[in-house]
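See the structures that follow.
Across the two complexes that follow, subunit A remains constant while its partner is subunit B and subsequently subunit C.
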Partner chain A sequence: MADVLQVHDLSVDYQLATGAVHAARNVSFTIAAGERVGFVGESGSGKTTVALALLGMLRHPGRVVGGSAQLEGTELIGLPRAAHAQLRLSRIAYVPQGAMNSLNPVQTVRRSIADGLADHGQPLAGTTLTERVALLLQQVGLTPEVADRFPHELSGGMKQRVCIAIAISLSPRLILADEPTSALDVVTQRQVMETFGDIRARLGSALMLIGHDFGLMAQTVDRLVVMKDGRIVETGEVRDVLRRPEHPYTRDLIASVPTLGERRSGGTLASTDERSPVIHLAGAGRTYGAGLRRPGVMALRPLDLALGGEPRILSVVGQSGSGKTTLGDIVLGFVDPTAGAALYRGQPIASLRGAARQAYRRDVQAVFQDPYSAFNPFYRVDRALAQPLLKLGIVRTRSEATARMQAACAEVGLDPDRVLGRFAHQLSGGQRQRLMVARALMLRPRVLVADEPVSMVDASLRFAILDALRTLRDRHDVTVLYVTHDLATAYRVSDHVMVLHSGAVVEEGTAEAVLREPAHAYTQLLVDSIPWPDPDRAWGGSALRSDNGSSPQTKTGR
Partner chain B sequence: MIALLRYLIGNARLAGGLLLLGGLIAFSAIGLVVYDTELAYPLSAPIAREPSAAHPFGTDASGRDLLAVMIAGTLLTMKVGLIAGALGVGIGAVLGFVAATYGGWVDRIISGTVDVLLTVPGLLVLIVLASSIPGDLDTTDMALVIAALAWREPARQIRAQALVLREANYIRMSRLSGAGNLSVIFADMMPNLLPYLGASLVAAVSGAVLSSVGLEALGLGSRSEPTLGMTIYWMMLEGAFIRGLWWWVLEPIVVLVVLFVGLYLLSSGLDEFANPRLRTAS
Partner chain C sequence: MILSRLLRRLPMLLAVVVTAATLNFALPKLAPKNPVETKLLEMAEQGGSLTDISGLIRSYEERFGLDQPVIVQYFSYLKGLATFDLGYSLAFYPTRVADLILKALPWTIGLLLTSTLIAFVIGLLFGALIAWNRAPRLARVIAPGVMALAALPYYLLGLALTYVFAFIWQIFPLGGGYSLMALPSWSWAFALDVFYHSLLPALSIVLASIGTWALTTRGLMVTVQGEDYMVYAEANGLSERRRFLHYGLRNVMLPQVTALALHLGHIAAGAVLVERVFNYPGVGMLLFRAIEQSDYFVIYGVVYIVVLMIAIAMLIVDLIYPLLDPRIRAEARQ
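Moving on to the complex of A and B:
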């Protein structure tokens, strides 16, 4: 088979005032016609830089400093801007990360598709355009009616598929997809990846898929390229790389993929004394936007939940919009329930004042999803750690606070001298998230709400953070409410799992019972949608079997 | 220092604004030292003379030396703008932060009041206010009158900014750390909104200068103080246009144009600094 793309010795530098950063160094690879190649690596490994260089979309101060890239005989490096623009979409198409946000919000899908066609000499209109758009939408599994909708009327997965429809509108030879599903939940992710599979079967376009998830790669690509610090460290058939990774970095990455296969033994559970729960949700639910005549949207149906006794680590799983974040916010006192009551040691959380509120804050803490926004950019990171110690009256003096902070940093594997006293933007995402875990460790809360604590950190750090949650449970007797859409990590850490769908609990029970033998169809769908890092294992049944409309039935099995 | 200079080269608006306003302040400050500003009062110079060596900016029909008027007037007008603008942003910031942080009924009352008052034509109220105060309105009174309405826009804008900030993770973290409303406002929100508050102060100052010049041009200002607005009032009253006293017409207008363009450039320059989304790719 002829090669669609031949990249030879490509190097890209970012010229900064402090010196050049080598984002890609002597990168060489080929992609055959119709081949699917996955590029994996952690953030900053240069995979997106290579893609942008091929597209001629590198921004200042990024610059190609050497090498060549030939797309079926056309040299891409050094191509004039106008020629590159003509090439994009017609022969090499791009599906950017978070493509769902790159659709023009004031244009219908039809116009967005027509724009690309018109730019490449096909100004279609009337029925010709309608037919073409309908055909394209059909190819990505959408109905022709979608053409007349605006982006805000579509779900995330639909928007992503519209972006794919635009990308394939001129039958390109090569599609570059940069983390096309990173913002989507597992069910939608599978639908989108199946769409890519269909497209390849139909058009024979090659696919360059950029990502960090080995499970996803195993299910979708033929060949893997592993990048680290701007270099290719390993490349090979996806089976070979997964079965016999040669480079230690690849081995680390593969080892850090959570699956439902292995699970740590439960460990010694803390003493099971019959204390009253710290947090008790009594029929607590939340409705948004209800008016006199409107029923509003029920984000969370009334449910009962006790935190502070057994089980120690409770996972709340569900797709986006399932109400899991609302549940966390109610426990943290950021949202008041509109039905039932949220009680802290028998008192409604909203009514707590003075010393009782201080005690509540000491006992109930959180680690959030996004480590980038969790630190006030105006202050050094110390403040985020010292503030609760001083404000909540845990320590009296600054020196005592400093000692505690240093001990907590050491406990999560951070060198206090290198982390404390710096600003958040000087630290990596992983360091910031570990600091947040250190903060939680140091405060010794009774209940910790962990809202997607690992979804934004690099794979290699995930286990360290998840293990820290278990440490909290085992050593410090903390109850963890682990909110996530990722069933594999939920399975790994939790004792008990609760599955939310459209604001209602559809199934709950021990992690083993719920995730190994799901009883409810929705749980089954979620479990099937997990991409396994094993190319020979089928990716569940067809995900296009839609999940909407199934009325959630509560199934309880402790 | 070098970093600051480098930033100013990139942000031409900010640099231009600082240059114009700095020039105007330097003009007044140096003038105060080297020139006799007592000449800014009537009958201290020959009347209606063209610019000459003795009176570089000429004199007006009541015998004021116009260079002295420009020196003293620039300062007086800036003073009115600064007092009124600072009061407006100060009151507006407090109301905006309180409304956004406390929410509920507090928010509804404050935003309701602001929304209703925003529909009131400002100049009309100011004319009524200024003309109903008995006696001569000095520049401080003028500043207070203008401040009475100058807090509306800042209150609304700062409330919007604080509402966005309120949902930031670090604000939630701070609440989890036991911070109360006041601590959240002053320790967490305020520092992050400083550039924004700066930009809105400059905008408020320029609005206040505009209001004061407008009121004074209508003759509602101080008859005993040589502000820029009153100079325009006297100029129109004495028929400078018809009498061909071009220097009397031109000078206050040039100073005001420099002042407004300077404030505008500074404001949009600060906006670019405070709002990274407007930052041009550099």
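Moving on to the complex of A and C:
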């Protein structure tokens, strides 16, 4: 089979004041017609840099310093801007990571598709355009009505499929998808990846899939390219790489994929005596947007939940819009329940004042999804850590605070000398997220709400952070409410699992019972949607296409 | 849909206007001095012929209804406003304030509406252009000059323009709304004369406000260029022109239209100093004279008109914004 893309010795530098950063070094690979090639590596490994170089979209100070890249005989490196822009979409199409915000908010889907056609020599209008758009939408599993919708009227999965529809609008030879599903939940992820599969079967386009999830790769690509520090460290058939990884880095990456297979036995619990719960939700539920004549949207149906005793680590799993974040927000006192009550040591959370409120704020801590926006960029991270200690009167002096901070950093596996005294932008995402855990830990909380704490950090760091949560449970008698759409990590970390669907608890029990032998059809669907890092294991059962034309779902998390 | 939105906004508009009118009524009452007395004393000082001042005050107060209880005054004031009766000018008694304002308003709106809209369009385009990654070199070169103009007040620019174009080169008139010889009429010759007279004041306003619009637009455009949809549009190989106009500028426009509407509300007061410099017969000139002559009722009248215009401008923005932003449209539908 002829090669669609031949990349030879491609090197990209970022020329900074402090010297050149070699973002990609002597990268060579080929992609055959219709082949699906996965690029994996942690953030900063150079996979996105390679993609940008192919698209001719490297931003200053990034620059190709050597090598070549040929797309069916056309040399991409050094191609004039206008010529490169003409190639994009028509011969090499791009599917973005952040489909959430990738569509122009003031245009309908029809206009967005038409724009791409018009600027590549196919200015269509009227019924010709309507028919073309309907055909494209149908190919990605969307109904023709979607054409007249605006981006804010679409769910995340639908937007991602609209982006795929745009990508295939000129039948490109190569589709370049950069983490196209990392913002989607497992069920939607499977639907979107199936769409990619259909497209390939129909058009024969090659796929360059960038990602970090070996499970997803195993289910969707033919060949894997593993990158580290700008270099390709290993490449081969996906089966071979997964079965017999040669490079130690590949082995590490594969080992860090959470599955429902093995499970570390839980440590001994610090104390099991029955005490009154710290947080008690008594029939608490939440309805949004209810008016005099409108019933509103039931985000969370009334449920009972006690935190602060057994079980120690409780996972709440479900798709976006299932109400899991609302549950976390009620526990944190960010929203008040519209039904029932949320009690802190017997008192409604909303009515807490003065010392009781301080005690609540100290006892109930949170770790959020996005470690990048959790720190004030103008202060050193010490400030974020020391402030609650001093504010809540836990320590009196700066030196006491410093001692506490150092101890807490050590406990989450950070070297205090390397992170304290620095600004947030000088730290990696994983370091920041561990600092957030450390910050919560220093206050010796009784309850910790962790809302998708690892969805934005590299796979290899996920375990370190999740293990820090387990350490908290074992050493400090903390109850953790782990909110996630990732069942595999929930399975690994939690004692008890609660499955939410459309605001209602459909199943709960021990992690083994719920996830290994799911009783409810919805849990079954979630479990089936987990991509296993094993190409011979079929991905899920029946294909589900429930997302078509449904009402827009709430966006993922914070 | 527009009609139901209009009906829903109307009570709010009414509340704003009534509140403003009430403040306009109450504030002078709180002042220690009575405007009639002040005016008469002033006249007495100048002319020296008035003898029975307190008697005169009483008779004036009777005529203006100032001897009535405050609450009665208030309601008759509100009633007056509803029928656009803003009382009488003290300086040009018995000319009605409403007539003075109505005579001046077309001049001001004609001059300021046109020049503000021109400045808005040029400023928006120019500001977006200098923020654009691959801006034409010309835009980059003249950018500092335009920004410097933003720092100049209208009237200074007006003075400079008058000096150069009207005094030294004498290609434009020194001031006024029309030639002394011309008789106001609906004829082409008169319209041309008005246009000719408005060019210099309009130019000074346009030049001085382009910079402000350009500066704010530039900031917004920098932010919009960092949005995912801009990167995605580039990745799809969309043309530079389309990305600039339909993706960049189109999204920048949304907050700027709100700013424009607020700005337009204020033009009813005229550009006081520009009109003064060019001796232009607009509301700004009227206000300037009224302040000079302590003509309180004219001042109140102008302030009231300004409030009314801002409220109406906001209403118009509320009504057209959904046409610009589909996200607001969705909310409005609910």
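Keep this in mind: the second predicted complex is superposed on the first by the 542 of 558 C-alpha atoms of A that agree within 3 Å, B and C clash if a C-alpha of one lies under 4 Å from a C-alpha of the other, contacts with A are read in each partner's own complex, and residues count from 1 in each chain.
We adopt the following convention: a contact is a pair of C-beta atoms (placed from the backbone, for glycine too) under 8 Å apart; a residue touches a chain by one contact, two chains touch by 3 or more.
A quick note: this is a predicted structure, and the numbers were derived from the prediction, not measured.
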Subunit A as common anchor, with subunit B and subunit C clashing or fitting: clash
Which superposed partner A:55 touches (first subunit B, second subunit C, both, neither): second
Touching partner for A:119 - first (subunit B), second (subunit C), both, neither: second
Which of subunit B and subunit C A:285 touches, first, second, both or neither: neither
Partner chain in contact with A:373 - subunit B first, subunit C second, else both or neither: first
Partner chain in contact with A:453 - subunit B first, subunit C second, else both or neither: neither
More subunit A residues in contact - subunit B or subunit C: C
Which of subunit B and subunit C A:334 touches, first, second, both or neither: first
Partner chain in contact with A:318 - subunit B first, subunit C second, else both or neither: neither
Contacts of A:87 with subunit B and subunit C, given as first, second, both or neither: second
Partner chain in contact with A:392 - subunit B first, subunit C second, else both or neither: first
Segment of subunit C that clashes with subunit B, given the candidates 109-117, 217-225 or 253-261: 217-225
Subunit B partner contacts - residues on subunit A that touch it in the complex: 59-60, 332, 334, 358, 361, 365-366, 368, 370, 373-379, 384, 387-388, 391-392
Touch list for subunit A against partner subunit C, complex: 55, 57, 84-90, 93-94, 96, 98, 100-108, 115-116, 118-120, 150, 152-153, 163, 166
Subunit A-facing residues of subunit B, complex: 168-170, 172-179, 183, 188, 191-192, 281
In the complex with subunit A, residue positions of subunit C that touch it: 227-229, 231-239, 242, 246-247, 250-251, 254, 324-327, 330
